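After this come two complexes, each holding subunit A, first together with subunit B and then together with subunit C.
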Partner chain A sequence: MVRRLGAAYNWFDERTAIRSLLRKGLYEAVPVRGAWFYTLGSATLVLILLQLITGIFLTLLYVPSVTEAWASLNYLKAHDAFGSIVRGIHLWSAYILLFVIGLHMVRTFFSGSYKRPRELNWVTGVGLFLLVLVMAITGAFLPWDQAAYWTAVVVTNVPSYTPVIGPFLRALWRGGDFVGPITLSRSFGIHVWLIPAILFPLIGAHLALLRKHGEFGSYINYRGAYRSREGVDVPPAPVQRPIEPPYPAVPTDELWAAPLETEDFYPHQTFKDGVISAALVVLVFILAVAIGAPLEAIADPSTTSYTPVPEWFFLPLDELLVLVPQQLIPLVLVLPAGGVLLLLALPFIDRGPERNPFERPAVMVPGAFAVLFVVILTLLGSGRLFNL
Partner chain B sequence: MSALLAIIGPALHVLATQLPPQAPQGRNIVGAQVAIGSLFSLHILIAGLVSGAGELGPAIEFLGYMRQRRTYDRLAHGLGRFITLYFSVSSTIAILLITVLLVGFWGHFWTTIVTIGFWPLLIEAWTFVLQVSLAYLWYYTWEPLRSFKGVHMAIGGLLAIASFLQVYMIDVIASYMLTPTNPQNPIRLALNPTSYPLTVHRTIGNLAYIGFAFGGFCAIRYLRAKTAEDKRFYDWAGSFGLLWGVSMTLLQPVVGYSYAKEIQLHAYGSWYKMMFGTLSPVFLWQITLLGIMFLTATIYFARRLRTDGARGAGLLRAMSVGMVLTTLLAAQPYHLGLTYDAVAAAGLNRPFWEGGLINPLGSMIPWKVLALMFYTLIAIAAVVWYLRGLPGVVWGTARRGEQRILVLMAVLTMAMIVTMGFIRENGRGPFLISGEMTIQGQQNVQTAQPTPAPQSSP
Partner chain C sequence: MAHRDPRRLSRRQFAVLGTQLAGAVVAVLLGIPIVGFLISPLFRREQVVWREVGDIARVPDAEPTKFDVSFPQQAWTQVDIKAAVYVVKRNGNTRVFSNVCSHMQCPVRWETTLGQFLCPCHGGLYDMDGTNVGGPPPKPLPQFVHRIDGTTLFVQNRFTEEI
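Up next is the complex of A and B:
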């Protein structure tokens, strides 16, 4: 039996070169120290795949029309326990995905991993973050319950504050002046076709770039980190590992070119990746079963008593909109818009070789404040909503 | 011994005949308020430092470990010493306040608030035990655990958590007094409308305050330092304290504004009093003081870089001009009278160029909001520029002027803390618990005081 399996494997390998592909994939060198932080990327990928699988299941039942959308999900809730759990997994994995991808970005930012030669890793990563965000926003409209409808009303109004083309953007998204059937159809199309069509190729590009340049890890893995330490000499350059990826990928600053200590991706890093991803999947399952995905009453545009509550990832923006007076809202919306542009341009602005976060104040301080403001606004927003 | 008794005995006899048999009730409300207010201010000024040191000290130790810098370790150790020395001072004042003044003057209030806030106050009491135990452990194991830095930093982390919890629990009570909710529901009580904003505001405030305070302290030590090593250390530590203080304070406009918004939504009377009523001049002073603080810090940054010819001093001077203009905008009064109601009653609630007493440039929306945004943005830019210039600074070369600015910053921060405490506590007036229990009612022992009734949970 074993011999036959071995023969089958050899047959398959002759035709696909699977052995060398696996070797290339699994025995890559990764930095040793701080490796638990590098699990966030693979956890993000696992959660996106969970989204894909559960999303396919949901499209088998969901009807994207204002008359049927709510009813189809209500059917799940009332009559299909398994389907209801699948919807719960879809929702909770989306929530956790946003949190994990945010953490992954913060980790990459603070470690300076976006610097040469990894600029495009960062740009594709920012693109992925934005796509996941749009995915979450459009997904929130789809149940067409009260929460979905009023979220759509608030969110589709945000682009209208854009100078000159604002009203056009709002009308384009809504399919008219008001939120209605076309808004739902367009949001569904964006959610299941447009965004995935861009998202998955971009994930491929992100991973390919990661393999090309190798994991940067943290500044503490590099000789450059020792320069500013009192009474500690800069260690000698590391011996080049015989197996790939060869650090450095391209000529770069010698102190930050290759990590001092590396280990094989398999089994060391794959074990850590597996532990974190499995823990997150278990957490998603528990939340899906214990809490599930809520479904409020069917959307009623004529109601005057409903108080819309934003999704958690919208809390910072929501709190900002609550705090800022009406006439200053366009000015305030410049902040997130400008923030996105700055994120995309970051590797081309901060081009110095230094990776140590303590030696990069011009980037780290505004970045740290941006993160702090987001956290504080989220906290304040959640407190406000609790007391509505 | 007998001579001593001969003196003390008659003195005690005189005191016994002169003192009233019970706490002075029903006559001097203002006296009681002044006594409690003054002692509370003193308590907050010391307790804020102790809490801030309990949170910042471990963070600095961790930073020093990450950067492998001995100066950070020395600074964190100094903060540990401060906690061990001043924790008891702060506690003594708190005990005096509660057991003598609050129980004596406002006994009904105190028993009511303890009944309502039993769980937060119980946790508060235990976090005190935890905080002081961990503070002593953290400080006295510094050398013994030098080889086990991870363990020592873990103790520091627990101290920071205990310090935060201790502040949060008392904030639950303080915020409940302004925006009471259903007292029967401990979750509602803990998450009452202003508990989040107050906790965030105060935690950041305490962290900023300790930075400014040790900045001022280090400035004094710098001026008295005899050795070059001490000069280097105190110069660096003073700059670090100010930088830390400013970095925390520039979060406060957003947090403070959010806090004010919650007060507007849930305690409109108090909010109106702060914005348009008798407290509006004090509020104006507060927002002006914030500008003065940012301005003073920016001037320090510019001067400190200029002293060593480091790059960026010129731009920081330009930023200080921007800060002056922003402060002038923020300091504009809206109504040119004590209260808006007085102006309206006189029929003068129209712009001053139409003969009225209203200055539209002093309105909160949009002008003061804009000023707060500019404060934040300019302060962030100043911090970044100062940090960019720091590699050109040689520690130990600062001049007296810079050290005076550091001391001034510590004083301004204390003024800010007292001002904010004054506004919040008086914003509730005449109530001790908003809408439920008055100060005047406390003095009338003949009349039963209403106790907050349970409300239906939403």
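Up next is the complex of A and C:
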């Protein structure tokens, strides 16, 4: 029996080269020190896959129509306990995904991993972050309860303050002057097809670049970390492991070319990745069962008692909407757009070889202020809305 | 190699141009209908209707009073959608406001204690005449196109000014 299976595997391998594919996939050299911090990328991927799976199954019931969307989810809530858990997983893994993708970006920023030759790893990552944000925003429209409706109204109204083409952009997203049936259809299409069709290939590109250049890790993995310390000798250049040669893919500063100590991706890094991802999935499951996904009363444009509260990830922008005076409303668009441009430009601005965050104050200090700015806006917003 | 007229296409150049042309044909034939489909709702006239709001004879002076009215949801949806109408009588004038904030289109409400319209989203304030008097709203509160037959108010599902 075992011999038969072996023979079948050989037959399959002869036709697909599965053996060398697996070998290539699993036995990459990865840095040893600090490896728990390098689990955030795989956790992001696992949470996105959770979104994909639960999202696919939610379409087996959900109806994207202004008269049926709320009713279909209300039916789910009332009559389908397991379906409600699936929806709960979809919501809570989205929330945790936004948080983890933020941590992943902060870690990459801190460690200077975006430097040559990994600039495009960072650029594709920023793209993925923005696409995930669009997913989160369009996903928030779909239940068509009060929260969803007013989120749709406010969010689709923001682009209307773009100079010259603002009203056109708003009407394009809404499919008319006001939020209505076409708004929901378009946002559903964007959420389930348009963005995923871009997102998943971009994940492929992000991972292909990761494999091409190898996991950077952080400065503690490199000879460069020893250079500036007095009385400490720079260790000799590491011997390249024969099995997988991601380091260095491109000739770069020799001090930062290859980590001093590496081990195999499988099973050493996959163990750490697995522990973190499984812990997050358990957390998502607990939140999905214990709290679940809320569904408020059906959308009612005529309300004069409902107070719209933005999704938590929209809070910084919502607070900007409060703080920016009426003559300067386009600032609400200019500030985030400027932030995105700076993020995209980061690897091309910060180009020196130094990776140690404590030796890069020109980047770390403005970065810290930017994060602080967003955190303060979030705190002000939560204070205003929840009387904290 | 035989002498070749440089003004004439080589076999290779012809194949390159042909490939690019084939791609361009596909892009144009797909692009035109898709872009047209995306922007077509922008050029579609929305259905404008008159709806009866009710008898406003008993609306007290200087006290914004809310009515509900149903409008078509546009596109293919047959079920109407509710809209709020604030009727304000003052100094012999009758104004008919929507509850749509001019800032981010949140649902504005009349706050008796403030004596102002308040937008709960970002703290916009309007006085009884609909003038934006505080917070971020850049324009006054939108007013419905309306007519009054005797004491019965009718409104259209459009505003006097674009918002």
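By our rule, the second predicted complex is superposed on the first by the 384 of 388 C-alpha atoms of A that agree within 3 Å, B and C clash if a C-alpha of one lies under 4 Å from a C-alpha of the other, contacts with A are read in each partner's own complex, and residues count from 1 in each chain.
Everything below uses one rule, namely that a residue touches a chain if its C-beta (ideal position, glycine included) is under 8 Å from a C-beta of that chain, and two chains touch if they have at least 3 such contacts.
Just so it is clear, the structure is predicted and the values come from calculations on it, not from any experiment.
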Touched partner set for A:T67, first subunit B, second subunit C, both or neither: second
Which of subunit B and subunit C A:P366 touches, first, second, both or neither: first
Touched partner set for A:V324, first subunit B, second subunit C, both or neither: both
Partner chain(s) touched by A:F386 [first = subunit B, second = subunit C, both, neither]: first
Contacts of A:P308 with subunit B and subunit C, given as first, second, both or neither: second
Which superposed partner A:V154 touches (first subunit B, second subunit C, both, neither): second
Which of subunit B and subunit C A:F168 touches, first, second, both or neither: second
First (subunit B), second (subunit C), both or neither touched by A:G176: second
Where subunit A meets both subunit C and subunit B, residue numbers: 322, 324-325, 327
Parts of subunit A lying in touch with subunit B, wherever the complex brings them together: 228-232, 319, 322-325, 327-328, 358, 361-362, 365-366, 369, 372-373, 376-377, 379-380, 382-384, 386-387
Subunit C to subunit A touching residues, read off their complex: 38-39, 41-42, 44, 46, 66, 68-69, 73-77, 79, 81-84, 99, 103-110, 120-123, 132, 135-138, 162
Footprint of subunit A on subunit B - complex, ascending: 66-70, 181, 191-193, 195-197, 200, 247, 250-251, 254-255, 257-258, 261-262, 266, 365-366, 369-370, 380, 383-384, 387-388, 390
Residue ranges of subunit A touching subunit C (in the complex, touch as defined): 65-67, 150, 153-154, 157-158, 167-168, 171-172, 175-178, 180-182, 300-308, 318, 321-322, 324-327, 329
